[in-house]
Amino acid sequence: MSRFTPKNPDFAARVRDSFDRQGAMAHIGAEMTRVDPGAVDIAVTYRPELGQQHGYFHGGIVGMIADSAGGYAAFSLMPADASVLTVEYKINLLAPSDGTRLVAKGRVTKPGRTLSVCHVDVFVERDGHEHLCATLLQTLMTMTGKSDGLASDKKKS
Amino acid sequence: MSRFTPKNPDFAARVRDSFDRQGAMAHIGAEMTRVDPGAVDIAVTYRPELGQQHGYFHGGIVGMIADSAGGYAAFSLMPADASVLTVEYKINLLAPSDGTRLVAKGRVTKPGRTLSVCHVDVFVERDGHEHLCATLLQTLMTMTGKSDGLASDKKKS
Amino acid sequence: MSRFTPKNPDFAARVRDSFDRQGAMAHIGAEMTRVDPGAVDIAVTYRPELGQQHGYFHGGIVGMIADSAGGYAAFSLMPADASVLTVEYKINLLAPSDGTRLVAKGRVTKPGRTLSVCHVDVFVERDGHEHLCATLLQTLMTMTGKSDGLASDKKKS
Amino acid sequence: MSRFTPKNPDFAARVRDSFDRQGAMAHIGAEMTRVDPGAVDIAVTYRPELGQQHGYFHGGIVGMIADSAGGYAAFSLMPADASVLTVEYKINLLAPSDGTRLVAKGRVTKPGRTLSVCHVDVFVERDGHEHLCATLLQTLMTMTGKSDGLASDKKKS
């Protein structure tokens, strides 16, 4: 159960639709494994091209799915005519992302009309357990009247 | 001219060698375009798989090269038997990364025996000019006695 | 119940003793209202000199007790011969700190031998309820073999 | 010379007037020593109540003047009917603030209609030299149609 009520009843379809149009997420094989009001999870399974030469997930992949999970968590609570833009984030890398699958769990800390704040915990699955490997604190902006999706989707004219 | 004196006279070869072994940097086509004591630039030329469907560089690519540029700037000042680990960073996305080439300029703010602090400005080249599109403030750790390179390089045993 | 086991069985006395020697904390009237392994709360009651001319707590006071609550939460898990140093923090101000009392709840996210990461939520009490007004993500360093207390305590020689 | 053109020709009087109404800044004895478009310095001279028991400036004082210097730098570029709100900041403490005077130099990195980004370097004066002791990266919001001054000034009704 979520403690948030979405402004857009079709939030889940809208979040998934925007995610599916994100070329870079497809490129790394990321999947959206949870979409609830204010809570979105994004996971990716290990492949050599996502890693270091020695087999961990690359830090850039950790940051990329964490930023997206928080961004879509905020987007899930936005009105139907808005898009979302990442203003900034801070990420602490807590442990090597050594495992077979990475899951970023984005949660809205505080939704707002203009700005929202999210936190994201990233876990790596290893030996059947989830290990916390990174944590992110993020500020996002509602872009009202813009086309849907992440602001990076906006049309280049 | 750099205001820093490297502890390792072979710093440039060591930085470039570590970078060349970073599979993920090769995967996105990143090049190291400057290596001076405490100053490293990393650039990447636009390709569709680095972008959004509408042709900007993806935010994850911006974060990835910014983190690496700061990490290698710090690494350039470390002793020969050390490796570098990103502890955390904060990035502000200032403008859409709309252009043909992205350059992250990592500079050491304060080197330290255990911890170093770097700042990185990321510019996008458009119409023959560099436009500031992101800025990053980062904390890095010296891992003494570890194999060289970014800590994410360390061997999985 | 805490999920952490303190390295120093006298952690609570040691944390409180260090706090009591912090002149600036006494100066603003801050109290330590909880000391458990990896969890420290610091509270302050409203007085005009802690506020704006219109009666909110000043943002600087919010940051000051949040930084201390996280720092002492990390310190509670450190060995008896160590002191703690704030490396960096990021704080998001979520709502005006409009109320009669401010409570910063510092919690250890990840303890470490050299570096620890904490998160702190700051609540303002208003109309008998706690309202989240700020959240902080912080990196701290264990200074082994230094005098106890916050590193800012260290003797000026 | 500043690279920014202020929207409000009376920006300097307006910045100084808001600062003078900040009770907490008066309480710690802070002075505004520079006001240019996009550039504001705030300084404070050492007094025991601003310090640790051993004579350094308290970290909370460092954060307080750094946040204000960045906030007023952003405010100097805002329209006459706007106020400024700190959204978030990250601060790295680089060295002990051991000296007789602290100066925070706030500079606008990127002004914006809704959000501005500033960086602030804090120096401590010791033996006639300025030593960098902290650096801050900050996001601020323009509150249009609000009473002037820092948003924390807004009237409690």
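The chains carry the letters A, B, C and D, assigned in the order they are written, with residues numbered from 1 in each.
By our rule, a residue touches a chain if its C-beta (ideal position, glycine included) is under 8 Å from a C-beta of that chain, and two chains touch if they have at least 3 such contacts.
The model shown is predicted, which means the values in this text are computed figures rather than measured ones.
*Asks:* Does B-C or A-C have the larger number of C-beta pairs in contact?
*Replies:* Of B-C and A-C, more C-beta pairs in contact link A-C.
*Asks:* Please name the chain that ends up farthest from chain D once chain centres are defined by their CA atoms averaged.
*Replies:* A
*Asks:* Using CA atom averages as chain centres, what separation in Å is found between chain A and chain B?
*Replies:* 23
*Asks:* Provide the C-alpha centroid distance between chain B and chain C, rounded to the nearest whole angstrom.
*Replies:* 33
*Asks:* For chain A versus chain C, what separation do you get between their C-alpha means, in angstrom?
*Replies:* 30
*Asks:* Identify all positions of chain D at which a residue touches two or more other chains, and write them in rising order.
*Replies:* Where chain D meets two or more other chains at a single residue, that happens at 87-88, 90, 92, 117, 139.
*Asks:* How about chain B: which of its residues touch chain D in the complex?
*Replies:* Checking each residue of chain B against chain D gives 90, 92, 94-95, 109-110, 117, 119, 132, 135, 137, 139.
*Asks:* Residue numbers of chain A touching chain D in their complex, please.
*Replies:* Per the stated touch rule, the residues are 87-88, 90, 114-115, 117, 139, 141.
*Asks:* Which of the residues in chain B come into contact with chain A in the complex?
*Replies:* It is residues 21-24, 27, 48-56, 58-61, 63-64, 67-68, 85-93, 96, 98, 150-156 of chain B that touch chain A.
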